Amino acid sequence: MTLRARAGRTGMMRAGMILPPVLLLALLFLYPLALVVRDSLSPDGAGGGALSTRAYSDVFGEASFRDALLNTIGIAAGATAGTLVLGFVLAFVVAFVPFPGSRALSRFIDVFLAFPSFLITLALLFVYGTVGMANGLWTDVTGASSGPFDFLHTPWGVLLAEVTYFTPFVMRPLLAAFAQTETAQLEAAASLGARPGRIVRQVVLPEALPALAAGGGLVLVLCLNEFGIVLFTGAKGVTTLPTLVYGKAILDGDYTGACVVAVVNVALSAALYGLYRMLLTRTGAHRARPV
Amino acid sequence: MNVRAANVRAMNGGIRNGGIRFDGVTVAYDATVVLDDFDLTVEPGEVMALLGPSGSGKTTALRAVAGFVRPRTGRVLIGGQDVTALPPHRRGIGMVVQQYALFPHMRVEANVAFGLKARKVPRGEIAGRVAEALEMTGMDGFAERYPRELSGGQQQRVAIARALAVRPGVLLLDEPLSALDARLRAGMLTELARLHRELPGLSMLYVTHDQSEALTLADRIAVMDRARLRDCGTPQSLYRAPGSAFTASFVGSANLLAARWCGEDAVELDGGVRIRVRGSGGGEGEATLCIRPHLIGLGEPPGPSGPPSPDVPDMNVLHGAVTGLQWRGASHRVTVSLPPSGAELTAEVRELSSPPALGEKVSVHFAAADAVVLPPGGTP
Amino acid sequence: MNVRAANVRAMNGGIRNGGIRFDGVTVAYDATVVLDDFDLTVEPGEVMALLGPSGSGKTTALRAVAGFVRPRTGRVLIGGQDVTALPPHRRGIGMVVQQYALFPHMRVEANVAFGLKARKVPRGEIAGRVAEALEMTGMDGFAERYPRELSGGQQQRVAIARALAVRPGVLLLDEPLSALDARLRAGMLTELARLHRELPGLSMLYVTHDQSEALTLADRIAVMDRARLRDCGTPQSLYRAPGSAFTASFVGSANLLAARWCGEDAVELDGGVRIRVRGSGGGEGEATLCIRPHLIGLGEPPGPSGPPSPDVPDMNVLHGAVTGLQWRGASHRVTVSLPPSGAELTAEVRELSSPPALGEKVSVHFAAADAVVLPPGGTP
Amino acid sequence: GGSAGADADAAELTVYSADGLKSEDGSGFYDKVFAQFTKRTGIKVKYVEGGSGEMVQRLAREKANTKADVVVTLPPFIQQADGKGLLGTYRPQGSEGVAAGDKDPAGKWTAVVNNYLCFLRNTDKVKTAPRTWDDLLDPRYKGKLQYSTPGVAGDGTAVLVKALHDFGGKDAAMAYFKRLQENNVGPSSSTGQLAPKTDKGELLVANGDVQMNYATMKSMPRLGIFFPAGPAGKPTTVAMPYAAGLVRNAPHADNARKFLDFLLSDDVQQQVSSVGGGFPARSAVRADDPNAKALAEIMKGVEIVRPDWQDIDKNLASYVAAWKQATGS
Amino acid sequence: MPAPYSLVHGRGARWALRALFLVLFLPLFALPLLVIAAASFATGWSGALPNGATTAHYADLARGDSADALLVSLLTAAAASGLALLTGTWAALAAQALPRRVRRAVNALFVLPVAVPSVVVGLAFLVAFSEPPLLLNGTREIVVIAHTVLVTAFAHQSVTAALARLDPAYEQSAASLGASPARVLWQVKLPLLLPSLTAAAGLCFALSMGELSATMMLYPPDWLPLPVRIHAATDRGALFTGAALAVVLMATTLAVLLAVSRIRSKASYRQPS
């Protein structure tokens, strides 16, 4: 009896272990975030004044806001898809068809994580700009007056930069997962006559799915919030929610409006992330080991 | 030309004709040689059992056939074709590995269907063959489970079903029944034997620790020892006339005693006990005497007309004290220590109604024809 | 008070006194009940073998003792103390699981030392005990290897060494020798028996599929069937007088024939063959007849003075045709089909010099005292 | 941790400043001036820099626990700071010599370094500088012209202000931007990055500011500075001074005042051109270093517009909104 | 730590895959980095290729206080990734003991910080920590905390994913040998998770090294991380100096990542076949 009670308590203690990190997060993150929400509801200055959703209706009324919303979702979805594919291919080669130096190269890709994002856009400009290296090479070789690459200031430029920037987020967890794939399962699959493609699809991929899913989820959310790249790429007609936040907060000094957009942005991220996880559970519900 | 044709054949669902040949295969992990200049041929349609102590290289031999380890030297042939450089999925094999290696994210059904899909078996046919394989292994009714929801023996049966479902030309089995109870094992053995009859070209290479499995199923037995092939032959020949003490102890149980030749058909144990042996022209110097426990009788030998008599010709009678007694259900194993050397002989006799007590003085007897002399070494 | 003391004891390196009790334990995964109102007591110092078909719940029973599954109802007691709610590491057990579960990131040495460190064995003592456990399992010489560098049998031996090294009060073994060859298995059995002698309080719950293991090592055998305990008793009692056909087939092999009582000491097979059975006061209606294969003789029974005679009293003589013949090294298994029902009897007889051909007409005989009548059901 | 300013009596002060006056290699205007100040007064200068709007936002958010003593930023953000009540009143010694348009009548801020909006061209591909705004509508600049985004970048805002002035009103200016959008590459948050693009030929025309581009021209030989004229025909530019103010509730207000005095001292004002490549705020200070001469050459004949920043601060949001609508961005 | 079993057998297929790798890698990853590296040595870059080579930009850096900034970045990144790893791992491990739904909620909670635009994180931090109870604005701690909050999600995600793949048999065996949960954690779970942990650590470290948007709003005068400097330089047109600073930043990050990955390759394992 007492023992059972004890066990109950032990179970509660184990469950209670979650409290320190959650409390820490609450203090250091949720509390500031709550203030953002509060500020978004008090247009007449931080904290004071009556709560009001006026700022929300104002913001929702703006056409630029609606455009930004659609842009944000479109770019994030595209970049996430691109990143997943690219990250998988690269991680796969490094893990399963390694060649001398491939591992170092994969490390090299990680460096992009430390890359201030505005530099990426600049670097891409030097490579793919209208008078950049790629076009320069093209005109030198073909004698044409201009090269074929002219996409940097379009949404594709943003997409390219984001894919480059975020691929490591997918590669890293994947490489870790690949390193733990059970050789016996690969062998069993091969002995059953499965070609490498099938093994990848049906054995490696499902096993790496949690990693891939986690990476993809993060990239999705990150893309929804990427601001440096969009800001510095300067694509015509590409405003996203984060750049809107930046504009409102910094240029207009409209902190309330910025908070509103931020809250919407967070809600959007959370919703899309939730949707993404749900889709994944739907399609991959069967995997995951017992807990 | 030849190679291309073979490749085409291989691609269309694997090599259909059985037959395996190891040709001087050496496999090493870093510095450790785990398969050493290994030669063995399994004929098409043959069942070869692979016996040997733990760590002797049995699994490695199977892995070499499957293509999971690349031999350092030598060739592996399947159906007469050199497959040393062929990737596993082109080799047309079926394999059950020691640790099952089921796909954890697939249901039992999908696990079994995996090989069929991989070999592009028509969609309509797959369900039937999966059901058949599951039934054969008694796993119908578990099709919807995930491997983690199965017991050890159930997992092993799924692994077998998965390998059988593809109807390979070559079946590699690594202790496939180790997690099954005796009844199920007998049933599975029967199924394997039936399968083997129905698919005449099917070659099987079968690693087992269970000698009765080997004796029941195998056409021939190969005995491995420390990365090398020790002996290979039919069960009867290895059992009756093992080439070495090592083989004798691995094919059936055996009493192995250090001895010395002392005449045409006699050897002498340590301490001078003289034993008549199966006439073989004799030899010189050290030797190992091998007597199967069930060929040893307890008490004085029966005379020609029945009652015990110490004087039956060609019958050895030894005297000693009981040092061990084991009841095995159908039989008793009685271990007797022989003075003066203290060498021990174990007799396996039909269940005794009044077994001797430990320490009791008893006689044991065995026919000279049942005492086989082998080259020296291998005694425990 | 009591509870606290027990907890303190448990923390100081686990419960030292053996003895396990299942008290109405029910375990279920979602809807599937895999252990159903299970009652079993293993006395301190006792070795209990757990037999049963694949999937009957043996592993689950062990996991309940170890604390890996929480019973839905019922209690588990170790050393008299209710441990149902105690976490695994406080239970003072040692366990060898079916899949070994060696720590892949530790060398063999560290794997074996793990439990000792966990139980705060003094540093100086650890090396010695690791070496001892490795030697006991024949794995000295592999201390520096990683699990992935070992063969299946070697891994299993490390798992055993790891569990033995901690000298637990309760040892749970889940088919601990399944990957070992016969010789090694015999050696390990001897080691386990020695260990058991040396640690008098040690209780062992031992899951095995190998009946000879069970018969050799176990003080008692528990037979499980579909989540329930079927029978429990000493090997001899279960072997000689099984409570059910199911038990009979799991403890030793058995011929099980459907029959019907027809008198005080006789039953009738389908088709009217009458068989005299062990006198037991008789019964009514359906029954199952059980005869151990090794108790069946081939040919006419020998008369009192030796030569065969059909008229030995209390001896059943049946006639049939040979439908199966298996050579088992030491013996032949001859299966005979009995007209008119076609019921089959298998006789295990000493190796025959001239075995009968398939289809040959033969007689078989067995004593009435060896024909045991069991409740109906359980025939294949 | 360095909790700056926790100790109000410490011999230090904290400057929040818009970037542009400090250099990576330690040879910038601030680098020299801070060292001199410390040497002279023993007061250590702690420095934080960022975008011109960001600095104001930071001040605003930190209002409850102010860390900064002096803030230096560009209009209209200095007015924005004032509007949020972030500035204290102090008229540094020497501020009387600063032009009226370059200081706050109420004494909240004073220009310390002057600077002007300019336009850049690639001298290789655009041999003669475009003369008027209308010249920039030439189809040859299609996809080769870019100006930094008004509101986001200070220099971009200045472009808007200049157009408002040159075209004499919001509607005319917006109509022009609408047409210019044909040629415009797209928004750019940073003005600094337009110079290398122009030098490279990626762009033919972009905007900038004189102080910055005068410095970059040394490593980018193909840059040319010009000032397009409005319909009135005279080239104009907008003054964008670095304006400094005392922060309200500054933890080291006394030190801050000393520092502001120091910034407007003769010594320092002399160095504005020689070290900073900018224009002295005190009109009376006449430097004759080579930089000063070159800068004067550049500015020759250009009319300097001193907009009503107060008004711009108030209406900037509506101007930017109008601009966004006109350009569809 | 290459796979002992090679998935792709044909030489042709192998080389095709490697070629694919390079075809993707070179234009997307290698070239941009090379451009930055080249720019850091360029006297100017007016055409498709740099005008000339010089090491002057690096010499300039040596004169300023870029070394301090680099040190600040390194310390911040080390502290932030350490804290994030601790918090994230702790949360991931503790979440295992929770009921499914709660666990999901906790997991979502830890992803939330990435869902907030970093500018907002910066501003919100200033608002929240410029008033009691926590007065942190203008301190180094606020930078470290902000970085920690921003990267914790990554640590948490990696570890959670790895935990889902961990076979419970190891844990159970350890417990049956008498190992307390703490010992199981330290000696079994964490070593088995090591590849994921080091991966997470590297990820967090690199992210922190490159963080700009929030840092810009928060950094105190005596704690100026390198990206802020890079931004300041580039933003005022000192492109080549900025490139040199970026090269320094990336080389340092790469060196640290390589060092971290060494820890990993020593302890990594593949399960037996």
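Quick notes on this structure:
Going by the order they are written in, the chains are A, B, C, D and E; count residues from 1 in each one.
Throughout what follows, a contact is a pair of C-beta atoms (placed from the backbone, for glycine too) under 8 Å apart; a residue touches a chain by one contact, two chains touch by 3 or more.
Model, not experiment: these values are computed from the prediction.
Using the contact threshold fixed earlier, the set of chains in contact with both subunit B and subunit E is A, C. Comparing the CA-atom centres of all chains against that of subunit C, the greatest distance is found for D. Highest inter-chain contact count (C-beta pairs) belongs to A-E. In whole angstrom, the spacing between the mean C-alpha positions of subunit A and subunit E is 14. Mean C-alpha position of subunit C lies 55 Å from that of subunit E. Annotation for subunit B: residues 63, 68, 87, 97, 99, 101 touch two or more other chains. Of all residues in subunit D, those touching 2 or more other chains are 51, 54, 57, 190, 193, 200-201, listed in ascending order. Residue positions of subunit A with contacts to 2 or more other chains are 118, 122, 126, 131-132, 182, 184, 187, 196, 207, 246, 249-250, 255, 289-290.
The touching residues of subunit B, counted against subunit A in their complex, run 13-14, 63, 66-68, 87-89, 91-95, 97, 99, 101-107, 114-115, 117-119, 146, 148, 162-163, 166, 172. Residue ranges on subunit A touching subunit B, taken from their complex, read 182, 184-185, 187-196, 198, 202-203, 206-207, 209, 286-287, 289-290.
The part of subunit E that touches subunit C in the complex is made up of residues 167, 169-170, 172-181, 183-184, 187-188, 191-192, 194, 267, 269-273. Looking at the complex, you find that subunit D touches subunit A at residues 51, 53-54, 56-57, 60, 80, 84, 143, 146, 149, 151-152, 157, 184-190, 193, 197, 200-202, 316-317, 320, 324, 328-329. By the touch rule above, subunit E contacts subunit A in their complex via residues 1-9, 13-14, 17-18, 20-21, 24-25, 27-33, 35-36, 39, 45, 47-49, 87-88, 90-91, 93-98, 106, 108-121, 123-125, 127-129, 134, 145, 148-149, 152-154, 157-158, 160-162, 164-168, 181, 195-196, 199, 202-203, 206-207, 209-210, 212-213, 227, 230-231, 234, 239, 242-243, 246, 249-250, 253-254, 257-258, 261, 268-273.
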